[in-house]
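Each structure below appears as structure tokens.
In what follows, subunit A forms one complex with subunit B and a second complex with subunit C.
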Partner chain A sequence: MRLAYSYSCLVSTLVASLLFISCSKETDDAIDPNATNSVAIEFENRVGDQKLVLGTPAYKNAAGEPFALTKLNYFISNIALRKEDGTVQQFPNQYFLIRQTDSQSQLITLKDVPSGNYSDITFTIGVDSVKSLSPVAERVGVLDITSYGDDGMYWNWNSGYIFFKIEGTSTAIPTTANANQQFGIHVGGYGGGWNGSPKTVNNLRTVTLSMPTKATVRSNIAPTVHLLVDALKVFDGPNKISLAKTNSVHMPAAATPVADNYKTMFQVDHVHNDKQ
Partner chain B sequence: MAGLRYWFMKNWIDLRATIRLTGLCLLVAGCQTTAPDAQPDEPFVKPANFPEPVYALDKNRPTTAGMLLGRALFYDGILSRDGTISCAECHNQTYAFTHHQHDVSHGIDNKVGTRNSMPLQNLAWETNFFWDGGVHDLDLVPIAPIENPVEMDETSTNVIQKLRKSPKYPPLFKAAFGTDEINGPRFLQALSQFMLTLVSGNSRYDKWVRKEPGGTLTDEEQAGLTAFRAKCSGCHAGELFTDNSFRNNGLFIQGSRDEGRAHVTELAQDRYKFKVPSLRNIEKTLPYMHDGRFYSLDAVLTHYADNVQPTDNLDPILQTGGSFGQSRPGIPLTSDEKRQIIAFLKTLTDDQFLRDPRFVEP
Partner chain C sequence: MKKYIIWCLIMTLTVPALACDLCGCSNGGSFFGILPQGHRGFVGLRYRYNSYHSHLGSQNLSSREQFRTAEIWGRFYPIKRVQVMAFVPYQFSQQTMLKSGLTTPLQGLSDITVLAHYNVLNTFMDTETDRTINHNLLAGGGVKLATGRFQYNENSLTDVANPNFQLGTGSTDWISNLIYTARYKNWGLNADVSYRITTKNPDGYRFGNRLNSSASVFYLTSLGSRSVMPNAGLFVEQAGHDSRQGEVNKQTGGYATYLNVGTEVYLNKLSVGVSYRKPVMQHLSDGELRANAQLTTHITVLF
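On to the complex of A and B.
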């Protein structure tokens, strides 16, 4: 009995040390400058500390207003990863549309990322002015303005993408404002300024997040950066938004407080550095 | 004989399609020939007295096949939710592609908008589109009426899906773009190709400028041109008769209390400013102003002479002590000048454009 115990103890210690060795070996792995791999970024939308389920009136903002969400879509672009040595890897000309109704859209992949230990991630919420003014032939994939169906992520009357769209219902909304107590908050506005026209409201927001553990890209490690995205921050960020008062936002100037709020809704929860 | 006639009648529709398709194939084949003396396939031609176009033609130069596809789309109700409203509903060639006699446009389910539909002509020279300039690229224009709930009330996504399912369109896309793939950019570029070819530059005025046969102006019209240059060309400048700017021309604020350009820029200095429209074919594009409030050119000139209101952002030209040293807002105009200016404006009517068979519903 005693022998068996020490034996199993020995085995566990051995296994543990082997694991430890393999672990430390992994982080110590020399970075092959020629090796690349992909980095996945997962956007997990939540409302406060609850799972986000469309149509469920389970949520409440700081103003005490109960609400349900029926739509949550946003563009992510201009992603950059910063290495621990300060060098920055940019991913230009890649645009992603995160849709709550499409789980595949919530996991995006950056390809051909050079090996290295990445400590920060930066991205823009929205579509930059250069792409907002680009010829239609260059607007492919999620930038194809005819691709949104009922999601309507494009302002056709004031040419520009809708960067962020949140819609839902709240019993706090006076029926005099909207008989069905629906709210729609659409944020766009890339700053104008085409053909010498005046600069207009710019609601592009850029977020930089540090990662609790570094994303260690190696030839055999394709990290996944798992973001938590708290939709409650849309109402309860630096600006407090009451749905009773603010339930229909469809112009850039009125949307600015919302953009300043959703800038705070992203955080890196954890990073997976699993070996392939 | 009767049998043959019966066969012919029975098959006329098919035959017509075949003839049309054959014509198209010949045209396409024509494009591909490289013989040095072959005519270039360029349905867009810049009139000699016009400046260089603004539209990036190198990115989407109209071809005959592209223009024919665009024309088919332009005249097809398939672009609207219930199939009833085509672009031509509010853009009728006979009236320089405006909605004749409608102050504001009437769309799906008899719903009405808040603005007068603008003429479609010389679009390659436009720097921005609509009365408020909200759209900066001709290729992005068609999405606005398609998705507007009181115009065509359809999603552009659904339009693309309907076109893909239709037997008519894949061959037209193939002729225009080389493959039968139907996608958003191609759809928009084809519509642009048709709209770009809507060039009006053969009015009697143009012929007079270019010293071409038929280019005569009467004394009355020449006096009108002189008065026009003195009193109107500060805004309606150059051969396009617009400087493409946005200005407040002092209309009474009424009806929808439309704030115009400010709707897009959200800037206080743009309230009540609207695009300065071209005056080409102005005789045919009534009613006038962004909300179609004036039914005659005489009413327009009376507004400038007698009724300009000192509202926010009234254009400096029209203010008291403005360009004409006027003692009150507006443009000093005698009744002779008004009559002469109207006579001149009618020389901008381009019958060749208004009846051009290339632009007629196929």
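On to the complex of A and C.
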């Protein structure tokens, strides 16, 4: 009898464990206007459908030129998030330098974002003219022009910050143009002048991206907006750029077609709204 | 006596997820299906196919992982009441990016598992009395070894940098099992529970602990000289969150419930089986992962 009892005990335990399912219903929490949380933005640099791995000649542009990348840096600033009701939350005076060699730089965090459902993100690629002309003492962090080492992001002789820098190698580059078949494309130019010098072109570009799912900031949800950044667009954007012809760009006036191209390289791939 | 022999031949067990849950997108559990049981050992070859759709919310990164596993399995009775089981899986898998169609293959030895179960209760062994209902309870456990490669390299263009698309978990895990079987005339019932305690692998990645359970009903009939045993049941797998360098990733783990149908055919010393599992309810990786239907076949020699 005791044995039979333990059998039925065992069976019911087994059956009960089958029925136990950790199902949690996802319901949107109410928006508390006083609650804030952070929003993380991830910049995942890629080349077309491939991962970006520096120093690997795995890529090809629309001109059929194989290439490797050795460097990819760009400034992001003036981020704004737009709620579904149209109100805009701005994040002024926050500057970020995304560098492929530094994975920590590819995840940026906006703090104290009010609760709400955000549907769009806007940002500037580069450093705006007001900041570019502000006193050195106000240009700290990634804007500290002494902080770049041998990977300079500032033109002392010309036009302020280098907004965007891409470097690499391609066998399509004639050795007469560059003995090591290297290319370097540096884009800057905020439209101002420096020390009274003539005004440059304005290569600042602003991007607005819609999110495939809304970023739902709550007291217990800190969304991550995951961007894919396709470096192939630098060559294969609205303007087709051949490395055989264009492999050395260091002046704002020549860089405008590149800026128009990289404006198209950002996309919100997905949004994580994980509960904390 | 005759009943006893038939029972020994066809009594079935299901034992839950082993080798592939490690690689199969964190939730690729695979139970044994219906096994020839009794006091006999066996050696066989099993083939399993399962697939997942991953990163469902992504515009560009959605993918499909297909896991094909060929596995040598065996069961031995070194002592009367103790059975030892071993599983040596080999994977031929691939990931396909849905947007670009790019595929990445994954092939090699997976994680080997060794289990030992003790017959706590066995009314067939314990008595020759002709009972209406017979029971068997096995309790035991074992170890999943780190024989399959685990390489998590973000900077490789040829590898998928995903802990779930790997040949193994890279960790030595501990498994405990309870397997219960009851039989009444031609009908039988299996139920089992398995819990796996994971450890951190050398890369600092730790898969969530896993609880698998299943229950199925089988019926024995004959078709000419063959014994045929159709079966149907439910299989549930649940896993906790994974962690990487101690940091919990909430987009891992979850549960999936499958409806299982299959049949076994016995020809003297040979046993063949097929089993199909269809997910009926699931919430994996916070909804970012979807398990598709799975198929398992085997050919096994009893000795």
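Basically, the second predicted complex is superposed on the first by the 240 of 276 C-alpha atoms of A that agree within 3 Å, B and C clash if a C-alpha of one lies under 4 Å from a C-alpha of the other, contacts with A are read in each partner's own complex, and residues count from 1 in each chain.
Keep this in mind: a residue touches a chain if its C-beta (ideal position, glycine included) is under 8 Å from a C-beta of that chain, and two chains touch if they have at least 3 such contacts.
What you see is a predicted model; the values in this text were computed from it and never measured.
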item	value
First (subunit B), second (subunit C), both or neither touched by A:G86	neither
Touched partner set for A:D274, first subunit B, second subunit C, both or neither	second
Which of subunit B and subunit C A:S147 touches, first, second, both or neither	first
Touching partner for A:P33 - first (subunit B), second (subunit C), both, neither	neither
Touching partner for A:G64 - first (subunit B), second (subunit C), both, neither	neither
First, second, both or neither for A:L133, with subunit B first and subunit C second	first
Partner chain(s) touched by A:L228 [first = subunit B, second = subunit C, both, neither]	second
Parts of subunit B lying in touch with subunit A, wherever the complex brings them together	56, 59-60, 127-128, 130, 133-137, 139-140, 143-144, 146-148, 155-160, 183-185, 187-189, 263-267, 270
For the subunit C and subunit A complex, residues of the former touching the latter	55, 57-61, 97, 99-100, 102, 121, 135, 137, 154-157, 161, 178, 180, 182, 191-193, 211, 213-215, 234, 236, 238, 250-251, 254-255, 257, 281, 283, 286-287
Sites on subunit A touched by subunit C in the complex	3, 7, 10-11, 13-15, 17-18, 21-24, 26, 48-51, 53, 56, 58, 103, 212-213, 226, 228, 267-272, 274-275
Complex interface listing, subunit A residues touching subunit B	133, 135-137, 139-140, 144-150, 152, 154, 156-159, 192, 194-195, 197-198, 200-201, 251-253
